[in-house]
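A single structure is presented below for examination.
Here the chain labels run A, B, C, D and E in written order, and each chain numbers its own residues starting at 1.
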Amino acid sequence: MLIDWVAIAPEIALTITALIVLGADLSLRGEAKQLVNPLAVVGTLVAIGFTLYLWGDERSTFAGQFVINDYAVLFKLLFLGSLLAILGISWRFFAEGRYFQGEYYFLLLTSFIGMLLLPSARDLILLFIALETVSIPAFVMAGLRKRDLYSSEAAMKFFLIGVLSVALMLFGMSMVYGFTGTTELAGIAEAVGEGESVPLLLASVMLIFVGFGFKISAVPFHFWAPDTYAGSPMPVAAMLAVASKAAGFAGLIAVAFIAFEPLADVWAPVLGVLAIVTMTVGNLFALQQRDVIRLLAYSSVAQAGYILVPFGLAQSGHLAVNDAAIQAVLFYLVAYAVMNIGAFGVAIAVNRRTGMRSISDYAGLSQRSPLLALAFTTFLISLGGAPPTVGLWAKYWILRAVAVDITPFGIALAVFLIINSVIAFFYYLRVIRTMWMDDAPAGLPALQPGFNLSVVVVVLMFGTVLLGVLPGLAGNFADVVTLAGG
Amino acid sequence: MDWMLDYAWLVPALPLLSAALIAAFGKLMPGKGSELGVLSLAVAFLLSVGIAWETFTAPAPMEPVEHAFEWSPLGGGFVIELGMLVDGLTAMMFLLVTLVSLMVHIYSREYMQGEPRFTFFFAMLSLFTFSMLLLVIANNTLQAIIGWELVGLCSFLLIGFYWEKKPNQDAANKAFLVTKFGDVGLIVGVIVLSVPMFGASGSPFNILELNQAAADGAIGQGTIVLGMLMIFLACVSKSGQMPLHVWLPDAMAGPTPVSALIHAATMVTAGIFLLARLYPVMAQSLLVMSVVAVVGVITLFFAGLVALVQDDLKKVLAYSTVSQLGYMMAALGVGGYTAGIFHLFTHGFFKALLFLGAGSLIHAVHSNNMSDMGAMRKAMPHTFWTFIVGSIALAGFPLTAGFFSKDEVLVAGQYWPYATGGLVFWVGLAAAFVTAFYMARVCFLVFWGESRSHHPPHESGRQMVAPLVVLAILSIASGYIGSPVWDDDNNFGTWTATPVLAEADYPFVADDELGTGLQGGGEVLAGGAQGQAGSASVLAVEGEEGEGLGAGSILHGPPSWHLDVLLMALAVFLAAVALAWRIYGRGKPEEDPTLNMGPLTTVLVNKYGFDDFGYRYIVVPVRDHAARWASWSSNVVLDGIVAGAGKLTRDAAMTTYRVLDQKVIDGGVNGAAFSAAWWSERLKRVQSGDVQRYAAVLVAGVIVLVVVFAAAR
Amino acid sequence: MTGHDLAFLVVALVTGGGALLTVTSKNLVHAALFLAVTLSGIAGVFLVLAADFVALVQLVVYVGAVAVLFLFGLMLTRAPIGREALDNQNRGLGIAVSGGLFVVLSVLVIGAFGGTTAAEVGGPRVGDIGMVIFNTWVLPFEVLSMLLLAALIGAILLARRETGDSGEEQAPTRIDMGTAPSMEAERMARLEGGDDQAELTAGGDPGPAAGRGEGRA
Amino acid sequence: MDPQTAGWALVVALFLPLAGAGLLALIPARLDQQIRRAAVVITGVSFALVAAITAAFDFGDAGTLQFVTDVSWISAIDANFHVAIDGISLPLFFLTYLLTFLCAIYTLSNLPAPGKPKGFLGLMLLLQTGMAGTFVAFDLILFFIFWELVLVPMFFMIGMWGGPRREYASVKFFLYTLFASIFMLVAFLAIYFQAGAETWSIPELSAAAGVGGTTFQTWAFLGIFFGFAVKVPMWPFHTWLPDAHTEAPTVGSVLLAGVLLKMGTYGFIRIALPILPEGAMRFAPMIGVLAVIGIIYGSLCCLAQTDVKRLIAFSSVGHMGFVMLGIAAMNEAGIQAALFGNIAHGVITGMLFFLAGSMHERYHTREIGVIGGGMLVKMPKYGVLLTYVAVASLGLPGLAGFWGEFAAMWAAISPGGDLGDAYGGLYLGLVIFAAIGTVLTAGYFLWLLQRVNLGQPPARWADEPLDDVLRIEWVSWVPLLLLILALGVFPRLVFGVQDAAVTNLMSFVTG
Amino acid sequence: MSLVGPLLLATFLFCVGIYGVIARRNAVLVLMSVELMLNAVNINLVAFQNLLFPAEAAVSGHLFALFIIAVAAAEVGVGLAIVLNLFRTRATVNVDDVDLMRW
């Protein structure tokens, strides 16, 4: 069996980078350790290069466990882009905080190796391994501020809920193996499509979803998210909120739309209800928050609910609907990455020196740093889904998926989506209001975000608006998603 | 001189121009703009004379001159027209409006001397004149609405001229709102009447086409009744008919020239004019005619009674105006088209005269109240004589203008074959007595007796007296325009008639089993006085008897001498004046009337006992009780209803806003928002921070999902 | 019931009992030992199922390494060895939830595989496994190596005492949680209540004011 | 400029304010006056360009689209950048630029706390592009983008420069309109996908003579109705309006009343009616009833107000009720009336808000009772202006307010399609109640005038030096004052421009 | 051999593990419970492989089980490190004391 090295070139590039970073960390001393960040950036750019090279290609290797198509490439680009942004916002944070830079970057890169695998994985075992590769370094990273009570508590909660969910998922996977005799997604789909759906099989499907539900922090698997985001180092929180979540969705798409596509009529309503509960609970909780990070955490729970909506629309064998649903998820994830990493970036900038993180600390941010205030406003408006930002299009694509084949359940989902979008604006606007309409406490200096952070925030802000005006730049999804099934 | 008809639009245009010029440059001019108004009105008056001449000399009935241009498209292929319609009615109104307005302009130059808003006043007078003429010249109902509302606005602004005082503000608001309420009817009426005209031409509001269609029977009865009653509602409010007259006496808060022009001679007659304009439509429905007549009768009588007990000179005249408007309305209601507009015409002159005279008096004594006057005939001879002329004209003294026109109204009632005809005749006659009585009372109290003025009264200057004299002459002379001195083919009736009016058939008699013929119907329904009412001799015999009410009874034929009516009117006049002299001759109402028996009293009433009886059982009850009651009912009940309606509206407004808007609708929305917060507050306790509880909830969630899922198939 | 079944029953009873004792034992070290028993029992199960290679790995990795790791963990955390309230107040909840799940899953499992029997028990041999690992499963295998490396480094990172690049031991710091009143109130309540945990926390806590002060400087 | 080929002119006019906003951002904030002047120049140039477009507009062919730009924009979803102008768009488009220009001039001298003209004017320019774009977009997606674009700047305008309850009001404004607009988006999507239209082009969809079946149209119309009705605002979706208006800064109120509310009615006319004619026919009686309730209800609420701005805000509810009554008539005259009412209300109420704002700057209160009358004594010119505009607003013929109201009532007497047969009596009742509404309208305006203008000023103001109308205010107000008169005297200015376009549009609705 | 026996044993171990995760205070005990859950899955996989699909070419069941063992070991390592760190900062390993963050 020949290995298609080109197909896994991005992953290999990232692996090598991770190892170089680790080595560099060991050999460098003092300030020079900061070099690991540019190293990681370079490695990421190389990986992006490889990934772009794969655009338009269709490859399959490792006995079909690993495939390359535009869908996978797009996801990989999303992850690598997020990685770049997170590296950008990590720079000062870790350098100044005297955290374990080398190890952090190594763990981060490892986690992203797992992510890169997820959209390509076509086998339950590979999915599982990839998912764990995402998770385990993340457990560590969440606890990276070792002497911080909150950080270790965050890691603890994250870890416990994480392994519990994975155990549930594995139980489900084992049962599915028992039913189908294979771990290949395509084989499973075949077997499931032929055989009759026994309750245990359905229950197993559900258990598998739990594992991904944890990753995407869907209610009721979301409990870790706010506590972990609030306790983790902020770049890690951004990573968890965006990249890790996207990875969860990548896995969920693979499982739901490839392996269990024949059962879509059964799981779609359940995931739909889950979507409703998730967005509603997320928003209701977010309403209560006074801490910006926790607010963003609950908001990301709610966003997960929105992204789940297209899953609720899926129908077995209805290609148009499923395609539209995958398109919606994909686009939303891209948009979500841009706006949410940006929001975390701003939160980091505000928090970095002063430790400020409650909403009232954002009072008068417009005076202290108009750029940050403007950027945060843009991101929050985008998260809410108002033009001229990419957030609008994210919602648009979901509603479009609803409109492809209007069903009563689809309408219900749309209505809940709309109501929740409006509820969400309550708390987004509260932050915006505080930034622009309240006065800063006297004596606070102007904020000077670092260069890297500023670049990332500005780029993401422009991205948010640019994609808001020309959403077509985010890829021509109509051509991409049909390959998801391949 | 045909061109004059085509250029009739200049008549309203001139005052508009002067209004604009006064507003723009008035303050810079030596006369502060007043001369512009006078000048433009003078020219407009001359033009009006020319137009009237053209019209009245044209072969009757004159084909109306109509010019219009498309003002604006209105959608659906319809257009709004801006146009002019010149016929006898227009010409007559032109004469009246321009002349009275001219007189008032001249008069005001002196009367308003030194007022802080002198220029504004003249701008408004000119603007008002324009608006009134716009209404008069309108060739379509929409344009009429515009004029109608604009005169209302000017009236509002001029009533509230002394806006520093709250009663004046209230009076202005009341006037505007009550008339605006009527405008609801006008708008709805016009809209309703436009519907059947959709197929006719581009402009569904065209009056000539509307009249023609109605006369051809092309408009359904329902539409006519609804539309015309709605329009009549507007006329009721604008022309001060009961019960919407309540604004008119209050409107006397404005300067006296305004009262003369707007609230006596012109604007308040707009309702009469409008009904006359749409007479072919209105006369298609007996129901509408009857309603108009009954409202008119009620108004003319009760308003007259109320005038008896006023001390404020202007209020007496105001109620008198209401009463006279009732005459006109009643006339229209009993087929007296010519009579109605003729009375409008003459009344404009003598009532303007009376008001201007009253203004002169008020100017002299600085008080509106008759109790502050007395013996003014010595100090102000010109005012005295002109006022007397106006009074006797109003009271209907033979051979004055009021005599001719009021007789016409009574005769119209006499000839009308339905019950309302008799009502108009008899009540009209009774009200004539009341009219004469209160006018005599005014004259005696003001000009006789002893001076009670706190200032030494003085005669007004030339600019005030001259209009009085002109109007006094017209108060006599204008009556002859409609008097029987003209021949059958050339008289006021033929001048003001239009072909459609003259040639139309009025269906209700033929269709209505109540009267299959004029004579029979007349006798059965109207009884005694007009037993021979239906005699063909008084009719223009256009319509065939027996098959329907002809145009003749609507046009009411050429005026003729009606000796019986004349005698009755004269008797009533003399009786009233005598009685008044008996009571007020000394100009001291508080003194015992028996102590000052004047010569007139002795001529007519020669027995003390009768006097006493008359005084105690007729005058006192009528003056002190019936009139008081009427006054009370007018001031308290009707006014109270208006005020109550106002209060009710305000209360409704408060309730709507406070309860419905803020609590229910807004509260509902906010409540939804709050309930989200409430739920969120409850829900957040799940996020307890205890990771093992999270785990438990997670697994519990899994169980639920698994069960649901497994049971799904 | 075949011999396999009988053997399985015996091993299963041991395993199940051990597991139950692991989670109910009131002694930490006992619990760890019961865990070792359970894990060994599972290896036995694998043997009964004729999966000898897996059983071997189970013994080596779990009984040999993981159980020992746990014992080390217990000692390193200076957990009170001996009787202690090892269960929290969620016990009832735990019983309900896990019992409920067990009932549901059991019903489903019996429903799905209740009648399934295998005539003979047998599986791939070690050689087969070796072949597929480096053929079919080479990618997950390699990824796993990366994963283990990361886990190793991560575990070392978290577990070692010295912190930071400077090598200095930092005082426990905590981020300023802002003015989220619920947390603050909770903290204050603890401080007032004299809770020893909270005192420890408060000792190294620069507090919100100090945090802000830095920002100003 | 040839209206057939000069599509660039429209695009430039559309994005000039946006570019201007960017330009303003470059000026240092301390150059306070320069920023204000720059804004005047930017809006002035934009207005001049729009005036040139208006001049070049082929009025003889107002029914067809002119100045067309139609290029592919988001190919993934078939959305085009399709802007153009026709007789229906032109007056509203023109009004947008005029009002913004005047607002910029007004801001030269009047800017509420906390100042910061840079942010304020930048937002205003952003708002301008959004508002103007709504009126010229002929692609549903583009329309929706412009529609939503106005939310954010207006939110900040109210929230930062507003009155004491600005935060509540701004959030309420934002959430209400956002909420509704998403339903609108769903309806758009449904039209695209469900009805098999597969295009976002408004002209194409209109020409399709109705998409989907009757049931579909009913549902789709419901969604669109909800989106537009909140914006109009129709009773009972109006409660955001009084709060937003009351708290908004003067310029915000002016633009809100002058342009933003028009977007709703414009949407009904441009999108809901031609694309979903059957749905519209079904909803028309309900719209009519709600409209008339709004008229009466708005007027009653006005009578209960003690705050000048709140009163004017509620008056908008009533006036927009007339506009909606016109739409409910579902005939050409009704559409004409609605569009005229739009313009008239924009000019008049915009002007009223200018006056109310300046009044607030002088008295520092908006409470009628505190002002207590006598403005004609203290500030005679001001009092005269207030009288003039109030009288225009109550629908006096000869001024702009009359035509929309009368024409709407007139149109409603004979509603289009089969409505006349089925609901003739209902519509007659609507006309009568609407006419009664005019009386109430007169009532509250007279009451306002009496309490504010007339009488002697109370003691507290007697010695207070209050400026009469300032020069800048004259400059920014005179165009509106003249427009009020001009529209009243020459209704053709609007009716005539729209006529062909409305005929064209209604041919899609009633066939 | 009956398949349902190993499956039920696995289910039992799994649920016992869940109970432990929820109810045990000591973090190390919680980790042990997690191990129980993971092992239960392995029983399933091996039972399926050897009783149902003994001839499957890819040997997925066994491999899956082996991967899970490896990953479980890694998890234990990381988990214990976290617990250790927690103990350093807070001097407790009781999971239910770790509730600084809520709501």
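To be clear about the criterion, contacts are C-beta pairs under 8 Å (C-beta built on N, C-alpha and C of every residue); 3 or more make two chains touch, one makes a residue touch a chain.
From a predicted model like this one, the values you see are computed outputs, not experimental measurements.
Student: State which chains count as neighbours of subunit B and simultaneously of subunit E.
Tutor: Output, common partners of subunit B and subunit E: A, C.
Student: Using the touch rule from the top, work out which pair, A-D or B-C, shares more C-beta pairs.
Tutor: Counting C-beta pairs in contact, A-D comes out ahead.
Student: Relative to the centroid of every protein C-alpha atom displayed, which chain's own C-alpha centroid is closest?
Tutor: Central by C-alpha mean position: chain D.
Student: When the centre of a chain is set as the mean of its C-alpha atoms, what distance in Å lies between subunit A and subunit E?
Tutor: 26
Student: CA centre of subunit B versus CA centre of subunit D: separation in Å?
Tutor: Distance between chain centres, rounded to whole Å: 39 Å.
Student: Any idea how many Å lie between the Cα centroids of subunit C and subunit D?
Tutor: 65
Student: Based only on mean CA positions, could you tell me how far subunit A sits from subunit B in angstrom?
Tutor: 79
Student: Please set out, as single numbers or ranges, the residues of subunit D touching at least two other chains.
Tutor: Where subunit D is concerned, no single residue meets two or more other chains.
Student: Two or more other chains touching the same residue: where does that happen in subunit C?
Tutor: In subunit C, residues 88, 90, 93-94, 97-98, 101, 104-105, 108-109, 113, 136-137, 140, 144, 147, 151, 154-155, 157-158, 172, 180, 201 touch at least two other chains, as defined above.
Student: Going through subunit A residue by residue, note those that touch at least 2 other chains and give them in order.
Tutor: 63, 125, 129, 132, 136, 139-140, 143, 146-150, 155-157, 160, 164, 178, 199-200, 203, 226-227, 230, 285, 288-289, 426
Student: According to the definition already given, which pairs of chains are in contact?
Tutor: Every touching chain pair, ordered by label, is A-B, A-C, A-D, A-E, B-C, B-D, B-E, C-E.
Student: Using the touch definition up top, name the residues of subunit C that touch subunit E in the complex.
Tutor: 1-2, 4-5, 8-9, 12, 15-16, 19-20, 22-23, 28, 31-32, 35, 38-39, 42, 45-46, 49-51, 53-54, 57-58, 61-62, 65-66, 69-70, 72-74, 76-79, 85-91, 93-95, 97-99, 101-102, 105-106, 109-110, 113-114, 116-118, 121-124, 128-129, 132-133, 136-137, 140, 144, 147-148, 151-152, 154-159, 161, 172, 180, 182-183, 186-187, 197, 200-201
Student: Touching subunit D in the complex: which residues of subunit B?
Tutor: Interface residues on subunit B, with respect to subunit D: 71-78, 80, 142, 145-146, 149-150, 153, 156, 160, 163-166, 169-170, 172-173, 176-177, 180-181, 183-184, 187-188, 191-192, 194-195, 198, 646, 649-650, 652-654, 656-658, 660-661, 665-666, 669.
Student: In the complex formed with subunit B, which residues of subunit A make contact?
Tutor: 156-157, 160-161, 164-165, 168, 197, 199-200, 202-203, 205-207, 209-210, 219-221, 223-224, 226-227, 266-267, 269-270, 274, 281, 284-285, 287-288, 423, 426
Student: Applying the document's contact rule, which stretches of subunit B touch subunit E when the two form their complex?
Tutor: 684-685, 687-693, 695-696, 699
Student: Mind pulling up the subunit A residues that touch subunit D in the complex?
Tutor: 381, 384-388, 392, 395-396, 399-400, 402-404, 406, 414, 417-419, 421-422, 425-426, 429, 433, 436-437, 470-472, 476-478
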